[in-house]
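Per-chain numbering from 1; labels A, B and C assigned in written order.
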Amino acid sequence: MAAPKIIVVGGGLAGLAAVIKIAEAGGTVDLFSIVPVKRSHSVCAQGGINAAKNLKGEGDTTAQHFDDTIYGGDFLANQTPVKGMCEAAPGIVDLLDRMGVPFNRTPEGLLDFRRFGGTLYHRTAFAGATTGQQLLYALDEQVRRYEAEGKVHKFEGWEFLSAVIDSRGIARGIVALDLRSMQLRSFAADAIILATGGIGAIFGKSTNSVVCTGSAQSAVFQQGVYYANGEFIQVHPTCIPGEDKLRLMSESARGEGGRVWVPRAPGDKRAVKAIPESERFYFLEEWYPKYGNLVPRDVATRAIHKVVYELGLGLDGQPMVYLDLTHIDRETLHHKLGGILEIYEKFVGVDPCVEPMKIFPGMHYTMGGLWVDFNQMTNIPGIFAAGECEYQYHGANRLGANSLVSCIFGGFHAGPNAIEYAKSVAAVEGDGGAATEVARQAEINGKLLKNEGGENPFKLWRELGKAMTEHATVIRHNNSLKQTDEKIVELLERYQRINLSDKSQWANTSFAFTRQLKNMLELSRTVVLGAMLRDESRGAHFKPEFPERDDERFLKTTKASFTGSLEGPRFEFEDVDVQYIKPRPRRYDAAK
Amino acid sequence: MATVQPSAVPQVQRGVEPLRANQGASFIWRKLHSLLGIVPIGAFLLEHLLSNFEALKGPIAYGVQVKFLNSLPLVRVLEWVFIFLPILYHGIYGVYIWLRGKSNIVYYPWAGNWMYLVQRYTGLIAFVYIGYHVATQRFMGADLPNHPAAAFWKVQHELANPWILAVYVVAMIAVCWHFAYGVWLFAAKWGITPGEIARRRFGYVCAAGGVLLAAMGLASIWAFVGPKYQNAPENVPLSILVAPVHAGATYHPNGFQCVARS
Amino acid sequence: MATKTVTFEIKRQASPDAPDVWERFELDWRPGMNVVSAMMEIAANPVTADGKPTTPVTYDSNCLEEICGSCAMRINGRASMACSALVDNLDQPIRVEPLTKFPLVRDLQVDRSVLFENLMRVKAWVPVDGTYDLGSGPRVYPQQQEANYPLSNCISCTCCMEVCPQFNVTTGFVGAATIAQVKLFNNHPTGKVFKEDRLRALAGDGGVQECGYAQNCVKACPKQIPLTNAISDISRDVMVQKVKDWLKS
């Protein structure tokens, strides 16, 4: 039998991890990515990667990492895969080290670790403040090696449009669009792995990259894959607001001792340096003495919201607070945080070693995603998912520095499982439905190009982002969620009247974007309606009307399935695997 | 596989070719060019400038120096192997290098980029000048290898033309510039100065050396055109010049040194 | 009060064989505005300064925080990253053009895949035995890490290649980025097993010898990578390797 042929969509950490495992196992891979894989969004990860290596004599264990992750995720994550991930993490970090990631070192030449949110241990390995970039490059280099050996064929500049699913409901390949020639083409495979990242673009401005639209997830969701826990969206407490995006200011800034504060007096006009220590309100340290500035992100974000909107203590009345590093010496800062300080200085024009940074929360991470089983396979046989685009590892809130490990672990898991699956799957009959699917996509394209009307896709997108950010991020109310869903329905209706100003068939980026927009709109309903149904507060999902966690009703995975009807997706709930750690109240003002 | 292809797809042109790993011999030719600039060409330049400097002592000393150089064993072979051919190669290959690069000083007016450009112009000036210089001084007119006594006179005649004098002055500066920056480049490109600070320091050294060489060169030119040795004779006596010039030597009013006959 | 505006002139070209045209745009100024946000604004309202309807500009971008390397273009003549090019720091009209050394796709989008091809040709990777658990990696002292980390920050933006007078179709020069990566991998305790292969590769046509040491690369690099140092070091290593090979042949 010929070597299994697997298609991997997405060239971030999860996708590349899967590619490496497949190539290593003797499979061949077609790797699809909108951007050259080295430019994938994983490069933006800054702070580090968690692994309980216990190199600081603190008695850290993988069990402790497991507990922190489950607890940080407010018990919503299925425990079996999370346990596997935490146990594999030290090995993954060792592997990355062997691949040449320039991790920061101790004087003895061992890996250095720093603290991150939601844990009391030094568990985060890091390469300056550009860990994601360094990790992605390490995997990219390994993939290039397999590419040189002919085991991997890259399709960079191709966008995944849909899966090819045969009459028996088995995935047989994909349909992709060449973003240059606008050619539509089907590619056959024994299994496909989606590793297409987060959905930040749905929120307009976020810390995510431009390609993080969730379009691929939405496409397979519309083909029948469940979308799970869509309502869980992480809002990162410390971002630099910008015109085009929200730039992340890594949690590692707090991990290295950064302190968050505002002046105690509302609208204090004094220069930062003139405000004495006693008149500074270190609210995280006061409210959460045990974890201080390193509470999990949902907690920090809500605290900042409270300080700004309830207590009216935002800087100059603006929605901003200080993130202060000025008490740490420049040398240490440069050594451990160089990359992010440079970002701040470049985009804001102020040296954060001298003056505290002004930051505010921003949409950052998608905890929810494509529903997968413990083998990373979705409910459509042959479609696997790994990385941020699936829902498995972070429950209701992701801990800092767990994303990189979950992406790589997920990819390492999905790759071999896809090969196993591919070996046993029944042979395809005919073209497996490829021609039909290509024709369906061609029809969508043709319709879009012929559309008449007055709507501009980028304006619709802005409206979507504004509504989502206002009503479906930090604080959620059922009535405004309902309005938001109505807004999305309105946008879907207006989408029919989009008139593309560019109807050409060559490197037409607005055409590609408009196709993504449709998928964004469809997917955003799972976020909004999922949030509406979940009448409790858990992790990143906070409803003032229902401020408590309700395990009785909602210790459940939300599963949305596409209906195509105006009412939106159909929702069902699935029990969470809690066989290892019994759910207990989650609080960070005292030891857990 | 099923495809839907829009008609008449434009083609992206071919761009810069990727590295031809392990292929071709350009490495050797390029490095040879670089090395020849230092030895023998740079070494010869130093020798030539030092020899010229003898002109400051007058026509006889200069003639003696010329005679000495022409008395080296296998001098004609040395001349071709270590001077003419290397310069010819360095010059022609240098022009070839120039034609392959595309200066962008308009958009990136940075110091290194200026030097890159100036190195090409000074090189060209040097090459053209050297061609002229060798033709006129070595192969035309008085045959100096056989009549070293006419050396000073021949150069003086040449420099009497103010245009030619100007060419010599410009060329002298260009050659010294080209050599000094060439030494700096050599150190940088052969990994002798891989550090930023080392390169800066060595830059000062090269600049000082270049200025010194140019000053020496210009001083030598001055020896031919200045008032001191005006109207040097076509034939100075060199026969007994193996004897050192002693303290009792006197000077002819014409300006050239008279050696006391014993 | 009249709103402050920003003027852009953007070089447009619908396809590789189409003629190029300059289009002028007037946009409302916003604090912190960068070149990318201006492109986004144009996409939402694709009308030129003379009121002529046009198309959204095609350009590469992704992270918008100068770490993915996508959005390199010429801004006021200089190769820059569009995301970190703040409007307030630029002279107006802001003239935006595609990079000139790479084949044009459309508008500001060019094909820079040659860099990735070059990285493949110099084996820019650490040849690990496998992805199974083989224990910790080799010890690396902080001093070594500090030397290597800057090289590892290369975002493949190709600015160093764009500004290099020697990088063009005639020379087929490999460019500074790849040379710096060779240094990075030759420094790595495991990566150095391919050291000789990499050095020999770089002695091929288009190799390190084509460098003219104009030093534009190091000036243009948005990540301040010590590219000229790397070129010096690698040139020496290539030379030593060639001499060794010659003596041993």
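Heads up, the rule we're going with is that a residue touches a chain if its C-beta (ideal position, glycine included) is under 8 Å from a C-beta of that chain, and two chains touch if they have at least 3 such contacts.
This is a predicted model, so every value here is computed, not measured.
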### Query
What is the chain whose Cα centre is as far as it gets from that of subunit C?
B
### Per-chain CA centroid nearest to the all-protein CA mean
C
### Query
Distance-wise, how many Å sit between the C-alpha centres of subunit A and subunit B, to the nearest whole number?
64
### Message
Need the CA-centroid distance for the pair subunit A / subunit C, whole Å please.
### Response
27
## Note on the structure
Between subunit B and subunit C, the Cα-mean centres are separated in Å by 38
### Query
Using the touch rule from the top of the page, what residues of subunit B touch 2 or more other chains?
10, 12
## Note on the structure
Note: subunit C residues in touch with at least two other chains are 15, 105
### Message
Can you list every residue of subunit A that touches 2 or more other chains, as numbers and ranges?
### Response
180, 506
### Task
Quick one: which bits of subunit A touch subunit B in the complex? Just the residue numbers, please.
180-188, 431, 434-435, 437-439, 441-442, 445, 505-506
### Message
Considering only the defined contacts, which subunit A positions touch subunit C in the complex?
### Response
20-21, 24, 35-36, 38-41, 43-44, 91, 94-95, 97-100, 102-111, 127-128, 130, 133-134, 137-138, 141-142, 144-145, 147-148, 156, 180, 209-211, 242-245, 247-248, 335, 339, 343, 346-349, 412, 456, 458-459, 462, 501-502, 504, 506-510, 513
#### Entry: subunit C residues touching subunit A - in the complex, by the definition given at the top
14-15, 30-34, 36-37, 40, 43-46, 53-56, 58-70, 83-84, 86, 105-107, 109, 112-113, 116, 119-120, 123-128, 130-131, 133-142, 144-146, 148-149, 152-153, 155-156, 185, 188, 190-191
### Query
In their shared complex, at which residues does subunit B touch subunit A?
1-6, 9-10, 12
### Query
Any idea which subunit C residues touch subunit B in the complex?
15-18, 74, 77-78, 101-105, 111, 114, 117-118, 121-122, 161, 163, 165-174, 178, 200-207, 209-216, 219-220, 226, 228-229, 231-239, 242
